[in-house]
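Chain nomenclature is as follows: A, B, C and D, assigned in order of appearance, with residue numbering initiated at 1 for each chain independently.
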Amino acid sequence: MIDKTVGTAAAAVADIGDGATVMIGGFGTAGMPSELIDALIDQGARGLTIVNNNAGNGEVGLAALLKAKRVRKIICSFPRQTDSYVFDALYHAGEIELELVPQGNLAERIRAAGSGIGAFFTPTGYGTLLAEGKETREINGRNYVLEYPIEADFALIKAQHADRWGNLVYRKTARNFGPIMAAAAKCTIVQVREVVNLGDLDPEAVVTPGIYVRRVVEIPMAAKFVAQPGAAA
Amino acid sequence: MNRFTREQMAARVGRDIPNGAYVNLGIGLPTLVANHLPRDREIILHTENGLLGMGPAPEPGAEDPDLINAGKQPVTALAGAAFFHHADSFGMMRGGHLDCCVLGAFQVSVGGDLANWHTGTPGAIPAVGGAMDLAIGAKSVYVMMDHLTKKGESKIVERCTYPVTGLKCVNRIYTDLAVIDVTAKGLRVIDIVDGLSLAELTRISGVELKD
Amino acid sequence: MIDKTVGTAAAAVADIGDGATVMIGGFGTAGMPSELIDALIDQGARGLTIVNNNAGNGEVGLAALLKAKRVRKIICSFPRQTDSYVFDALYHAGEIELELVPQGNLAERIRAAGSGIGAFFTPTGYGTLLAEGKETREINGRNYVLEYPIEADFALIKAQHADRWGNLVYRKTARNFGPIMAAAAKCTIVQVREVVNLGDLDPEAVVTPGIYVRRVVEIPMAAKFVAQPGAAA
Amino acid sequence: MNRFTREQMAARVGRDIPNGAYVNLGIGLPTLVANHLPRDREIILHTENGLLGMGPAPEPGAEDPDLINAGKQPVTALAGAAFFHHADSFGMMRGGHLDCCVLGAFQVSVGGDLANWHTGTPGAIPAVGGAMDLAIGAKSVYVMMDHLTKKGESKIVERCTYPVTGLKCVNRIYTDLAVIDVTAKGLRVIDIVDGLSLAELTRISGVELKD
C-alpha cells in the first residue's frame, strides 16, 4: 500500500539540510506553499539556494525565509516588486546572490531537469545582458543561447487536490510552476487543500502524476494570502 | 502640439487586432488595450502565468487569489478558457503561437531592437520576468510608449542605449504622436497626430522616417 | 466570433499540397484520425512526408495512404509490425524513404518544434546506430546527442471533444502524440467525436488549448478501428 | 540441465520489485511479470504510450481500442491512474523517474551494454520504438532473457555484436539459468538454477562471472 500523506508540514520538511537547493512554487502568492515555507523556517535549514519566479512579497512566505537569513542564493526572473523590500535590502547589502533568468528560460530549464534534457538552445535572451558569456548558435537562420537544466534537492509546491498516490490537480493560475518543479526535484513535497480518495481524481485531468510526488500534507485553510495588485511579473 | 491620449492609443491598437487573434497585453500601458477591443470581435487574451481566455477584472469582492494575471492583479476566466503550467505557457510564446503581443518600452531602435526591462542604473535591481520571451515569441510585437522621454529625448533611437530585451523583434510602434511600422527598409509612418508634419516628427525623433 | 468547425473532412484537408510534411496522430490505431486520412487520400496530394509513430496497420488509415503511393518519406519510431506489410513492401522496393527515430526523441523533437526550442541534447540513442554522424556532448558526466525539431505544414489528429475555439480533450491512451503534434504544425486539423458548447470543457482539464488548432471536424462514429493485439511498440 | 521456467523467472523479478515502485514492463517476456507482482504490494505500472497505473487485460468483450499498452494490446486503468501525452511520458522515462524497467534482450555485455532492438540482418526493416528511452531512462534496468540462443551461444557477451540499444545501462540480468548483477567490478551471480555450478555457468557463458 502506497500512502504519501504526511501528518504535518514540519514532518514533511524535516530532512531539508543546510545548503540544499529548494524550488518553491508560486507566481507571486498564487500557488505559494506558505505553510511549507513556514515549516522550513521553523526547521532551521540555512545556506539554501531557492528557485522561485519572484523573491518574496511583504514579510510572509518566501520573504519571511529571506528575512530569517536562510537563503544564500536565489534563482528567479522577477525579484523586484513593489513589496519586495526584504529581498531588496539583502541584495543591496550584498547578503544574497541573485541569478536572474528570463521567465521562459527559467521554466524550460526546470522542465529540462525533470525530463532528462542535458541542455537546449533557446531564442530567449539572445543578444542581451542575460546571455553574456553563454554559448550561442545560429540554427536555420535564427539565433539561440544554450541553457542548462536547473535541478533541485527539494520542491515545495501547492496544489488543490491529491490522492494517496500523490496525483495532483491544481486550481486556476496557481498551477504555474508546480508541475515542472515537481518533476525537477529529487524530493517533491506538496501542500494540498484536500486529500481525496484514490480514484476520485479524473485520470484525464490529473496534471501531476504521483510519480513526481514524495510527500503530501493536507492544509485545508492555506488561503490566508491575498492577491497583490500593482506588482509586475 | 497635439498628442494622442492613452485611450486613443489603446483604441488604435485595439482596432488593429483582428477577430480570432491570440494576444498578450504587457504590463502597464498595454493593459489599457483590453478595454478597447472591438466588441464585434472575439479576441483571446493570454497571460503568461498560465491562462488563455482571460476575462476582465472581477467585481469588487469577487477577487480570487488563485486567478491573477502577469501583473498579479485579479482577473477572470471566460467560457472557453484553458489553464496550463509555466513551461507550456512559455512554449506557447516561444513557439510563435501568439499572433500579437503589446509591450511598453524605454526605447525602440530603427532596426526593431527593444529595450524595456532594465534601465542599467548602477545599483538598480534587475528584473526581467517574461519580457524577453514576449519580445521574441509573438508573430507581431507592438510597442506602446510615449514618443519622448520626460526630458524630451526621442525613445525611437538609432541604437538602444539601455540594455536590450530582444533584437529586431518590434514590428510596430504606437506613440502619442504617431504609428510607425518597422520594416526592412526602415521606419514607415502610417499614422500621425493632427497638425504634425512628417518633417517635424522626423526632427523630434532624430531618426529617419518615411511615409 | 471564432468558429473553427468545418463541415466535412474533405473541406478540412482541401489545401494540403503536394510535397507537404504532415504529422498524423495515433499510436497504432489508437488516436489515428482515420477519416481525415481517408479524405487526404481522396484529395490526391502526393510526395508527402509523414510523421507518425508507426508506418500503418493492415490496409486502412495510414497504410491506405502508403498503398496509394502518396508518401515519399516517413519519419517514425516503429515501422515494422505484424500487419505493416504495405510499408514493408514499399520499403523493400525502395519506394519509400525511412527516417527511424527513437520514440522519445521523436516526441521531444515534435515538442521542440511547437515550443521554439532550436535543438536539444538528449541521452537517448547515444552510442547507437541511430546517433551516427550526429553531434554529441558530455554534460555533467553523461553523454548526449544533439537533436533538432521536427516541424510540419499540417497535423491531422483525433480528439474526443472540442469547442468552437478549438480547445481539445482526448480519451485515454488515444491522447498520445495529439497534443505535441497540434503545437508543431502550421495548420492543425482535428477530427473529434463531439463538438460541445463553448464553456462545456473544464478549463482545468483542457489538454490542447485552441491556439494550436485551426480546424475541427465532427465525426461521431470514428471508432471503426479495433485494437491490434500482438504488434510491438 | 535444470532451467528456471518463464513463470519462475517472472516470479523472481516480481519479488525483487518493492512496494511503491514505478515500473515499465517491456514487450514480450517482461509482460509476464505483471502476473507475478506480490499481492501485498502496490506497484504502479507505466506504459510509454501515456498511462501510469495500468491494470490487467480487460474481460473479453470489454476491450477499449482507446486504452492499450505499448504492445498495442487492450489493458485497463486502475483507480489512481493518470493519462498524459507522449512528450510527457518520455520525459518521465528520460528524466529518471521510473524505478525500474524490465526488458527483453538479444545480448547484454559484461559492461552492461544492451542490444535488443535490431538484429542488423541485411534487408531487415529496423524498428526501435521506445527501447532506447527505456534503456537509458529507468533507475534500474532489468533484462529478462534466455541465457543461450537457440544455437547454444551465450547471450551474455564480452562485447555486443548486435547493434546496441544503450551503453552501460543494464543493472541486472534474469535468465533461465541465473540471476546476475552488472557491477563496476564485473558480473556477479546472485542466484543460480539448482544443480548448476558457477564454474559450469561461467563455461557456458564464456565471460567472467563472480560469486
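In this section, contacts are C-beta pairs under 8 Å (C-beta built on N, C-alpha and C of every residue); 3 or more make two chains touch, one makes a residue touch a chain.
If you're wondering where the values come from, they're calculated on a predicted model, not measured in any experiment.
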Report task. In contact with chain A and with chain D at once: which chains are those? Just list them. Result -> C
Report task. Could you let me know which interface, C-D or B-C, is made of more C-beta pairs in contact? Result -> C-D
**Report entry** Chain centre separation (chain B, chain C; CA means) in Å
**Finding:** 35
**Report entry** Distance between the centres, which are taken as Cα means, of chain B and chain A, whole angstrom
**Finding:** 28
Report summary line: chain B to chain D, mean C-alpha position gap in Å, rounds to 54
Requested in this report: Please set out, as single numbers or ranges, the residues of chain B touching at least two other chains.
Outcome: 77, 83-84, 87, 90-91, 93-94, 137
Report task. Check each residue of chain C and list the ones that touch at least two other chains. Result -> 108, 111, 115-117, 122-123, 170-172, 204, 207
Requested in this report: Work through the pairs of chains, note which ones touch, and then classify the graph as line, ring, star, complete or other.
Outcome: other
Query raised in the report: Which of the residues in chain B end up touching chain C in this complex?
Result: 19-20, 22, 42, 44, 46, 52-53, 77, 79-84, 87, 90-98, 137
Query raised in the report: Which bits of chain A are touching chain D when the two form their complex?
Result: 1-2, 111, 113-117, 163-165, 167, 183, 198-199, 201, 203-204, 206, 209-212
Query raised in the report: Residues of chain A touching chain C in their complex?
Result: 108, 112, 115-123, 137, 139-140, 142, 144, 148, 169-172, 202, 204-205, 207
Query raised in the report: Where on chain A does chain B make contact in their complex?
Result: 27-31, 53, 77-81, 87-88, 91-92, 98, 100-108, 110-111, 122-130, 143, 170-180, 207, 223, 225-233
**Report entry** In the complex with chain C, residue positions of chain D that touch it
**Finding:** 27, 47-51, 63-68, 70-74, 77, 83-87, 89-91, 93-94, 118, 123, 125-133, 136-137, 163-167
